[in-house]
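A, B, C and D label the chains in the order they appear, each numbered from 1.
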Amino acid sequence: MTAATNLRQVPLLRRYLTFTWITLGLAAVILVLSAFNSPSLLVNTLVSGGMWAMMAGGLALVFGVMNIPNFAHGELFMLGSLTASLVYGPIRELTLSSKSDVLKWLGPFPGILVACAVGFVAGIILEGSVFRQLRKRSRESWVMNTFLLTAGVSVIMQNTDMLVFGNFPRGISRYWDFKPINILGVTLAVDRLMVFVIAMVVIAAFALFLQKTRTGRAMRAVSMDETGAQMAGISLNGVYRLTLGLSSALAALAGASLLWLLPATPTVGQAPLLVAWYVVILAGLGNVQGAIIGGFLVAMIQQFTAYYVSLDWVDVVPTAFIILVLLFKPSGLFGSEVKGVWEQ
Amino acid sequence: MTFKGQDITKLPPHLISQLGIGYVSESLNLFPAMSIYENLLVGAHTVKDKAKVKSQMDLVFELFPRLLERRDQLAGTMSGGERKMLAIGRGMMPAPTLMLVDEPSLGLAPIPTLATFDALKQLSARGTTILLVEQNVNTTLRIVDRAYVLEQGAVALEGTGEQLLHDSHVQEAYLGV
Amino acid sequence: MSIGIRRSLTLAAALALMVSACSGSATPAPTAVAPTVGPSTGASAAPTAAATQEIKIGISGPFTGGNALTGTEIKNAVTMAFDAVNWTVGNYHITPVYIDDQSDPAKGAAAYEQAIVSQKIIAGVSGWHSSVAVAQMEITAKYKVPHFFALGAADTINEKWASDKAKYGYWTSKGWPVPDKLVVGYVETLNNAVAAGDFKPTTKNVALFGEDTDWGRTVVKALKSQLAATGWTATDEDYFGQAQTDFTGVIARYKNHDVAVIAGTTTFPDSLSAFIKQIDDAGLKSVVVADGLGWLGDWYKLTGSSSDYVIDQIPGWTTDAAKKFATDYQAKFGAMPSPSAAGLSYDYANFFIKILQTALADSGDLTSASIYKVAQDKLWTGQLKYTAGIIMPSYDYAADSLPDMVVGSGHFTFPVIQYHGGEGTVIWPGDIAKGKFELKP
Amino acid sequence: MATQTAPAPITRARVISSSRRTLITAILLGLLAIALPFIPPFTGQDYQRYLVVAALVAAEAVAFDFTGGYIDIVNFGFAAFVGLGAYTSALLAVDLGITPWIGMFLGAIVSGFLGLLTGMLTLRLRGIYAAVMAWFIGLALMGLARNLVDVTRGMLGLNVPRLLETSDNLPYYYIILAMLFLTLIVLSLIIRSRFGLAFRAIGQNVQAARASGINPTRFLVINFTVSCAFAGLFGGFYAHYYGILTPDVMAMVHTIEVLTVAYIGGRGSLWGAAIIAFPLTIGVELMRTSLANLPGLHLIFYGVLLMLVMIYQPGGLAGLLRRAGAWLDSRKPTQVKAEA
């Protein structure tokens, strides 16, 4: 019933004069103005924002549909990174030596795609062997219990990786070894641009999937009302499996496509995980659409802190900003009474 | 408990629905942030045939023209009567052979209640068996074919709606005549 | 009830798993050791000439956690050195006890105490973090067990050492001098290049960066004061945590400040390689001093051509012995070792073996006391030095340098090198320079 | 007839006996903890150091459980409050020469005060948001400790004077053990008072608690403040025991360490966490040293144990023992009947 009042049509003006929209509007204005000072701020915000959005989107999806605060999301990033380095290693020599530009462009994709697939399978295994076991027994204190489970998964995966593959970073200098290109007077490495393109394509596909496909609708339905979804003949276990698979695939994809920036090590997922958490808390837990916008917002705060203040404070400032936002909007910028993974 | 000769006691809920049993719960369990159209589409989750989805949707809109008017409105923003219509409409989407409806009059004003019962009656006329659980005895008994009175968990009386409406025990205990 | 029992059984099974995992090699209960008992450990039996005796030596480092890569290199290098002497000194057979500090002072201290009390090590060697060293100094002082050549560099160690030499002298020696003594190479390189006309900066602005650890902070502090003394201005100063890889915002600021030099240090390979690549991508022409790039054996795989013209300070695998070590290491452990972690640790382990041999020759037995005596009488006075190393010409200590070694040409010195295509050319000091400072075109 | 009147006396007897059993068990365990350093292998200095660490973790887990297990707000920033107390006490000792014995309590007051503010902020939030808010406040605190190098020396580490002249671990063990007992007694008394009832009511259902006349705001803030103050106290002990302090003490891993102990011990019991901390901490340390050739393996075991407990025994040790107690009680009446 609160849902009804919350969603009841409000006048257009009031709708856009909310805290959320004022914040976003201000952010956009600041971003555009600062671009006159240093255009790289705008460009880099967009580029890093894409990466964070991809990472945070998966995290938000799992919380939105399954109510799991996944602290092992970073280890799935690590898995993607590791897979890509193992697959791409042998291919790299081949493509670098070839004369064909097409091969050079396509070379990195097998590694990235395999990583994505491995992530998907890992997610499905994780759901079946861990969360499903807990769900069968008890759903009491679900959020905290699953948090601890994911913390356990994280510890196990990190240390297994260390025992099996060792500590040394498996990295590459570049995926796409071409001359940096110039945008708005900012020189941008092709790798960076490509990751942005991948992120945008994946996010768009993901959004379409959630909104337009039968399965995507089923996911959203489960996130809003599990009983209702079951009544409509949706298999909860099936949706859960797919949710964790997709989210893990996104994390692994992010890890694989950032291999040139973050070499695969057992702890490589920790930093992206922290940023993804910044994003989902800022945006409102379990809200994929919010997480995507939030990814850009956090990227912007980080870029501005690094530029105007100092790198030392690059983690503190977003934290302070989020604390501030939570004071005014206790459930995040896009949080609302209505739960749904995509809907704001 | 069996349905068409199959034991359904231990089946998971989503498989029961796939057997052709629809269910409209008393709390409706709609998807508040989805539009009416999307709610109906999710209702047809188990239906693979697109033409069939289309025809079922047309049927829902025919029974509840009001839903058609508000096709793109979010379910969370609708009035109580409209929500009830949507819940029944969603239950109809897979074209179930049996539909269980739990307390459809709950929390509704008399006029929407009548409209809801009217829709159920039409639905039943089109060949869907409807199992209704209701406390609103007077209205219910006027539209049903068969009725059972449960008292303390056991069937106390059964008969056609007409019979029970004139039964003295029912009149005394439930209709206050 | 049956579910309850099944659950309890699972819990019990899990506990059993845990217990059995440690019981296998858990040390037998030690006899009570009074806390202030001195060098009693291991000294109980009088040495008999022929019979082989067992002693235990602690090998310390961060073997797990964020710096496990460095820790593993240290461990492997020390192991190789002891392998070469078959883990024997005279009639003593040496068993290693690996002390994992997990990059945490508290855990490092606990692990060290455990190694002394339960495992009964009589001396220790190697190490990485300065903060861990400070905590472990308390332990070595408490049990009077000498420790040698840990690579922690920060001056907090020197301060503590100087505060009570009799007590903290059991942390006998540092394996790395305070950064002030080393960064002088960079400052001189830059100033010489300006003087010679090879480097004509439009500004005297310097951007400093460092990892946010005791190491990074100390190096940047040293760089800052020495550069300021020679007319440079530090316009930017940034510290970053582990796994920081996005430096684009910082680099945009550098661009606006028109910095002539970007100088700093980190041991995080992903951070440093990302930084160098991003500086290159942004098209900055500043001179880049990236101290620590060569610490990671395989760094060139990460930076590619972006590392061209970058300046670093690292000994290379120059001698034949050094190259052989690097090849052997790679064959054995599958990765390129770094000269600073693996190479130095290898030399120091050999030096340590030499100290053990000296102690045995001088006192007739190997105990904490006899080993410590060698440190006091021969190591600190400069009598005992190690000149057969693969990295440095000579490792030696002097009364006025303690606990650091003697730093300078012919002793412990880090040449400044400039990279081209993944290979370093020595450009400082002048007497061993193989090339000249070159500006990025 | 006899069977109908029988239940009443038996229930009373059961209540008395079970509470007496609890008391006796508590005293026995307390005595065991006191005697432990004289039982091999705990006679060694290294094992005594493990005991200190275990007792410290136990005390922290008890303070953590006071919030997490009762008002159901999980303080992800717990380690930061420990660190705040540690830095307060350490800086007072280093800069002003105030003795650690006073500094520790001043640290507790400062941590408690920040806990009060945090409590007031997190009140508006629900569940995981409150937890994450506390986490972020902790992160911000850690960032300050790292970056205010002039005050805290940041990652360079602060050399802190130790609590006692001696470097013997035994006296430290008894100090922290006394702190643990004190914490257990004080917090249990609070839980047994009308506060405890209110905490539980709020933890289970804020709305219902409010409806029955409890002002959740006040109780939540009180609870958070008390828990954080104790955290600060233990932080002081940490600083003056190890003699070196870096901002890493505030890291999330330490919160997870404490949280794991509290959860495996059993939420909402206080004593469960206190008991399990000893075997768990010491077991992990032993495993780490004995598996030193395969670094990280002990953490894998730890992770597996944590997951098994969360899936199969979410009530932790306390839940297990409660069931065992109930089982014992359920046997009693039959014995009574048999005798009769």
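Please note the rule applied: a contact is a pair of C-beta atoms (placed from the backbone, for glycine too) under 8 Å apart; a residue touches a chain by one contact, two chains touch by 3 or more.
Being a predicted model, the structure only gives us computed values, none of them experimental.
Asks: So, comparing each chain's Cα centre against the centre of all protein Cα atoms, which one is closest?
Replies: A
Asks: Using mean C-alpha positions as chain centres, tell me how far chain C is from chain D in Å, no decimals.
Replies: One centre to the other, that is 37 Å.
Asks: Could you please state the distance in Å, as a whole number, between where the Cα atoms of chain B are centred and where those of chain D are centred?
Replies: 53
Asks: How many angstrom between the C-alpha centroids of chain C and chain B?
Replies: Chain centroid spacing, chain B to chain C, equals 75 Å.
Asks: For chain C, what residues touch not just one other chain but two or more?
Replies: 64, 68, 212, 239, 241
Asks: At least two partner chains per residue is the criterion; list those residues in chain D.
Replies: Expected reply: 146-147, 295-297, 299, 302, 304, 312.
Asks: For chain A, jot down the residues that touch at least 2 other chains.
Replies: 159, 162, 312, 315
Asks: Based on which chains touch which, is the overall arrangement a line, ring, star, complete graph, or other?
Replies: other
Asks: Throw together a list of every chain pair that touches.
Replies: A-B, A-C, A-D, C-D
Asks: Name, in rising order, each residue of chain D that touches chain C in their complex.
Replies: Touching chain C: residues 40-41, 43-47, 49-50, 53, 146-147, 149, 154-157, 159, 166-170, 238, 242-244, 246, 248, 279, 283, 285-293, 295-299, 301-302, 304-305, 308-309, 312-313, 320, 323, 327 of chain D.
Asks: Tell me, which parts of chain B touch chain A in their complex?
Replies: 12-15, 17-18, 22-25, 28-34, 38, 41-46, 74, 76-78, 90-91, 93-94
Asks: Give every residue of chain D touching chain A within the complex, in rising order.
Replies: Touch residues, chain D against chain A: 68, 74, 121, 124-129, 132-133, 136-137, 139-140, 143-144, 146-147, 256, 259-260, 263, 267, 294-297, 299-300, 302-304, 306-307, 310-312, 314.
Asks: Where on chain A is chain C touching in the complex?
Replies: Those residues of chain A that touch chain C are 37-38, 40-41, 44, 48, 159, 162, 166-169, 171-174, 177, 180, 186-189, 192, 260-263, 265-268, 270-271, 302-308, 310-312, 314-315.
Asks: Note which residues of chain A are touching chain B in the complex, please.
Replies: 3-4, 6-9, 214, 217-218, 220-221, 224-225, 227-236, 338-340, 343
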